[in-house]
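Handing you this structure, nothing more for now.
As written, the chain order gives the labels A, B, C and D, with residue 1 at the start of each chain.
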Amino acid sequence: MHARLIHRFLQCLFATVCLMVTLLATDLRAADDLRVMVDALGGGNFQENQKQVEALARTGDPKVVPALEALAEGDLYQRKIDGIVFIVRPAGSSFKLIDALTGEEAGEEAKAALEKIKVNNGLRRTIRAALGGLTLMSPDVAVRLQAAGTILRTPSADALEGLDAALAAETDNAVKVVLGQARAASILVSDRPADEKRAAVATVVETGGRDSLSLLSAALASADESLRPDIEAGIKKIDDQLAIWAAGQNIWYGLSLGSVLLLAAIGLAITFGVMGIINMAHGEMVMLGAYTTFVVQQVIRTSFPGLFDWSLAIALPLAFLVTGAVGLVMERAIIRFLYGRPLETLLATWGVSLILQQAVRSIFGPTNQEVGNPSWMSGAFELGGMTITWNRLWIIVFALAVFVFLLFLLKKTAMGLQMRAVTQNRRMASSMGIRTPWVDALTFALGSGIAGIAGVALSQIDNVSPNLGQGYIIDSFMVVVFGGVGNLWGTLVGAFTLGILNKFLEPYAGAVLGKILVLVLIILFIQKRPRGLFALKGRAVEA
Amino acid sequence: MNTFVSNAKPTSILYLDGVSVSFDGFKALNSLSFVIEPGELRAIIGPNGAGKTTMMDIITGKTRPDAGEVFFKGTIDLTQKDETEIAQLGIGRKFQKPTVFESHTVWDNLELALNRNRGVFSTLFYRLTAEDKTRIEDILSTVRLVGRKDDYAAHLSHGQKQWLEIGMLLAQEPELLLVDEPVAGMTDAETAETATLLKEIAKTRSVVVVEHDMGFIRDLGVKVTCLAEGSVLAEGSIDFVSAHQKVIENYLGR
Amino acid sequence: MSTKARATGALLAAILSTTAFNGAFAADDTIKVGILHSLSGTMAISETTLKDAMLMLIEEQNKKGGLLGKKLEAVVVDPASDWPLFAEKARELISVDQVSAVFGCWTSVSRKSVLPVFEELNSILFYPVQYEGEESQRNVFYTGAAPNQQAIPAVDYLMENEGVERWVLAGTDYVYPRTTNKILEAYLKSKGVKPEDIMINYTPFGHSDWQTIVSDIKKFGSAGKKTAVVSTINGDANVPFYKELGNQGVKAEDIPVVAFSVGEEELAGLDTGPLVGHLAAWNYFESVDNPANAEFIKTWKAFTKNDKRVTNDPMEASYIGFNMWLKAVEKAGTTDTDAVLDAMIGVSVPNLSGGYSTMMPNHHITKPVLIGEIQADGQFETVWQTPGLVVGDEWSDYLPDSKDLIADWRKPLECGNFNVATGKCGGKGS
Amino acid sequence: MITSFLAKALGRNIVIAAAILLALAALVPALNLLTAPDHALHVPTYVVSLFGKYLTYALLALALDLVWGFCGILSLGHAAFFALGGYAMGMYLMRQIGARGSYGNPLLPDFMVFLNWKELPWFWHGFDKFWFAALMAVLVPGLLAFVFGWFAFRSRVNGVYLSIITQAMTFALLLAFFRNDMGFGGNNGLTDFKDILGFNIQSNGTRSALFAASAIALALSLVITSGIVRSKYGKILIGVRDAESRTRFLGYRVEHMKLFAFVVSAMMAGVAGALYVPQVGIINPGEFEPANSIEVVIWTAVGGRGTLIGPIVGAIVVNGGKSIFTAAFPEFWLFALGGLFVLVTLFLPKGIVGTARQFVERRKEYRKAREAEAAAFAAEPQAAE
């Protein structure tokens, strides 16, 4: 205990001394002084380090960039024995040391001999701003663009000098535009004269978007009277733009929720809709698909890290096979004895769902498993004023692809024809030489397999836990029934209708009430159309 | 044709004029018109898909027509009523596939069919009266099921189920009986007996029989209406109809 | 009919005989400890770990020679995330298995469900999860955090260190978030935050579609003031919430999220790369660097035979509760409920964050409060820590109706809701 | 009128079953209260409250059987009626706490106090009186069933469509009751009850009385249900189940027939809920879980649907099994329960009681005539959807 305290005390003392030294030495640009400044990062607290980073930024020396980047990443360590700060790379149980300024390798050290220089959000923000300023003159266009973007998001009066210099030297038009926007943003937060600010307001309004709105709102609080009308008008203009986009965004959210519902329900549209089995184990099939994805990713992580971006593509056929096989076994072992007794399938499949849940819990444990997003499914892009996340976009595309595939399978292939024949008139189909037991088994396996590949997609946005399936089963039944049992198009339209309806109610009623309203609307709708949206008419179905 | 039909309206028991209905674009009935007189026994024939069952669905309120008029006893507009009301008005219907309450005994089946107050509470506290008992016993002997009155309907043979169903219709005391293929799946002896039964029934009420079995219709010896593609093709005696050119093309010829 | 009579008879006989058996086996050679955590259903995801932790602690203690010279025996039951079943199983543990103490429950409703049982049958429950407070019961020891041991320090940290002025209080719609947010709202207003700078949002359990809410948060955060989200979102819903945050690009540097229900275990189901810098407030992190914790983690990994299993705050709370119980039983020299209840108050045991925790007269314990930032490896890094220990405050000072209440289970007061204003036990004391 | 109803109701089996229930109602409390704890015949309080709970489940299953077994309406939302009855009773018990709550507020329940409610919501008024709460425990589920059924049956919503909208109903109620703004205590529900009709709810005497009340309520419901299904109305119900259109063409108002059974059934479920709550000491939205309603269907199916004794046996067997399994193999009991459901479906399609009855009948018929046996085999009533 005591030793630790003394150590702390010494560290603090050291840091204070260093700080004083650096403050004295800020004008000097010699590499030795940089070294002292970097070393001073060790042992400082967050506030001190923020100042330290700002000081480093003011040197304008690109040599400090690697050290700052490492600090932000949490890769900057201080050697306990001499207080020297290094960038480290993990090498087995120890660390490889890299000189913070020169980038030269400087041997290895045990983990215990090093102390991590901690970062928090505030410090990270400071570093980001500092890096923005330091990399404005980088020879790489992409880096310059990023740097300009960073300053645009974290404008500061300090950056103006650098921005002006960068603007003068800049050749690339795209970068120039962003630099101009960043400059305007920085002027707004500076104490420049009103005229200059007025011009800046115009540029910022031109840029548009949420960040600009945020910037203007902040500026409004401190602006002098003459500027206020301009800023207020600007805020209103951006607000109006955003309101229009918000409606589009809402539709997008609705489509996205609809695609999730579609994925969850589409397998059920086969096992329940086409075959009439009240398949309570449907959700567990989705869950098995998600766990297949987990296992695939696990194998890839440990053995073939390079293939990670392909993990979903690999998981898809596997999930289809795994859940299809489980479905096949289920059909052969249990369900085939229950045809013509639909309600008893509810009982048996409920039992199966309990068994599957517990089996997964016993094998993988009850906790969530990590399923990562491949890089092409991470992040978002801006479409006008809308934010479109890649994973949602791909899920919509995927859901539609699955739908089209299934439609094709059922309507255009021999197998699909046999499936429809068997479900419509078993005896007739059988007497025409169709092997009905096999068709039944394959149809159920197909429905289960489709649920499995839905699980692959849903693993990207939801928990992968033994409870995964339970969360979707009710919604799935609602979608299939709402759309009209036995009609794939009904499922498609039903899913998207419910998705969009839900998302339009949510902003007004809140998430909970919105969902309640949707349920009530479904109940009322079924009164109006007792056989769902796409009911088959005529006397055949009523007999 | 239409003028003839509308003249008949006030006196008829059943009156259909220009009835059309279609399902998803398929025209099941196409301006169908005909009239049944009180006390008449009428046979209706026609190929599959001619609209026979749909016609019955419309008369009994199961399906609503897209266009046309359906009147019972001249004044009652059947298109405005549902199955229950129409049944209570006195129209009974026998289905193509015998439909009886399989998990009830023959006796219970008839008891349920009796034309008594059909509300929830009157049935809840219903007691079998001597009058009802006699009535059920009468019907049992009419449909030749006296010996099986305590058996579950499910245990009856196909023909016996058909008869039970007819017995239930009798218990309902309808003024108009619609009978859909009563002899399908029956032996020849049973068929003949059914013809006798129907003729007996027709003495006190109107009956419409839909049937494929030409021999059976000949046995009935009544006016025949032939339907095709949702409208009336020919109407008259069995000999007239079976000699009709279009009927031969459409139906008998095949 | 006879079938029914036979079935009932057989079942009755079966249950009676198990009772008799258990009675017979409740001999003096072991001390039984009940473990009442859901192993199936929605809460299994969190509670199973605590069951394993308890089994490990009991095994370790038996290696050290047990308690009062007897071996400890764990009795595990599965209340299956079914709240009335919690009450039934609690009753079974106490009256059929005759356990000396029960460690269990996670959700508030499960605790509420078993409270009357513990009161009626006079047994002891150790409750290891952070909760909404507003309760102090004679038979229950609360080793998790009360709101003042988690929520208020976290808000303080954000105000002081991140300069946050605008607050989103997002939670699942149940009693813990509701109460915590009520307390926070009152606290924030007392610190001068304007009502329009507070946004409160509730979502149902297991909410999985966070698109709208995350975009609302972004919108709320663009008013030109530094904004933070205080999340009391419940376990299951967190993964999709954080996934959406990450994908919509809400960075901790811009809008930090501080959570009270997200620990190492929840993060294990996530790629934490995009979440670095988001915060959590707990009384323990697995990353805390001290020998006791290192030993605990080592034992845990060996016990579960899984190198990837993480530890978390409720596990530490179970650890503290278990050790306090051991110490109190030793002090009392018996497992008799009343004696142990007396001996518990004032018991002090080492916690895993490098200090000591003491059982206070209000049946809550003292704890340090740690604020941690999520790291890319799924761990937290402590960025701030209370200088001393914080005493769990069962009746919040920020709610009008509870600010006058205190709990003190020492003689002669022995009251869970003593009103200092009226000087009477029992709320308003009317 | 009533006498004929009763005369039909009291078949031999029903008399025996009701007698056993009434005997239990007298015997179990006596054995609990009057014998010493170590007496060989002593029934521990634990067993009393456990079986009290099972009896309320049995009543719920019986209620479901009336609509499902006899009328073919598969309700996947029956637990909602049970829960509503439970909430009505819970509200009464909550009001009985009075000033003994944590905050000592004489009017407001604790959960309202710490959420800063200032006055009692209108729908909490009246629940301080037992008779009112008891009435509501029957009327509220009945009214919901009436409104829901009136629309659904009139629109001829049938089969799975009906099942799924009943599920939607209970799910919507679940979400609604979860909302703290609703004023029903949110997720925690209503708990911490002190006494009922002035008796301490935790005393052995009260527990025994509640057990007896449950047994009597079940016996009464059994007789009433039996009367219903054996009346002409009951035969029509079965007719609706087996051949709905035939009943319609016979001139019966099928929607009225269904509605009456549905409402009676919902009321019985409400009574079950009201008896359940004081025995388990808590009512919360979890009772509205769609899974709970499915479980009720399963109890009924395991016991034998379409029989009166079946649901009672099913509820006790499945819940008894659950009680034993969750303690005996806490990690694996779901395998046992799931396996049970699968096996019952495959090998006892008519449930325990149905199969037993079928077995007895078969033997009778076998003795009567060999050929009748074949017919009997084919005679299984069609599963109504």
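As a convention for this text, contacts are C-beta pairs under 8 Å (C-beta built on N, C-alpha and C of every residue); 3 or more make two chains touch, one makes a residue touch a chain.
Predicted, not measured: the structure shown is a model, and the values here were computed from it.
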C-D or A-D - the one linked by more C-beta pairs in contact: C-D
Centroid-based (C-alpha) most distant chain relative to chain B: C
Chain B and chain D: spacing of chain centres that average the CA atoms, whole Å: 43
Approximate Å spacing (C-alpha centroids) for the pair chain C, chain D: 35
Distance between the centres, which are taken as Cα means, of chain C and chain B, whole angstrom: 72
Where chain B touches two or more other chains, by residue: 62
Multi-chain contact residues (two or more partners), chain A: 357-358, 470, 512, 515
Residue list for chain C, restricted to those that touch at least two other chains: 39-40, 173, 202, 204
Contact footprint of chain A on chain D as seen in their complex: 74, 148, 151-152, 154-158, 160-161, 163-165, 167-169, 171-172, 175-176, 178-179, 290-291, 294, 297-298, 301, 331-332, 334-335, 337-342, 344-346, 349, 383, 385
In the complex, chain B residues that touch chain D: 60, 62, 83-84, 87-88, 92-93, 95, 99-104, 108, 111-113, 115, 118-120, 123-127, 152, 154-155, 168, 172
Complex contact set, residues of chain C against chain A: 39-42, 44-45, 48-49, 161-162, 173, 201-204, 206-209, 211-213, 215-216, 218-219, 221-225, 236, 239-240, 243-244, 246-249, 252-254, 256, 265-266, 268-271, 274, 277, 279, 373, 375-376, 381, 383
In the complex with chain C, residue positions of chain A that touch it: 46, 74, 118, 120-122, 124-125, 128, 153, 210-211, 213-221, 249-250, 253, 256-257, 260, 357-358, 361, 365-370, 372-373, 378-380, 387, 389-392, 460-467, 470-471, 502-503, 506-507, 510-512, 515
Contact set on chain D toward chain B in their complex: 1-2, 4-5, 228, 231-233, 235-236, 238-239, 242-243, 245-254, 256-257, 260, 372, 375-376, 378-379, 381-382
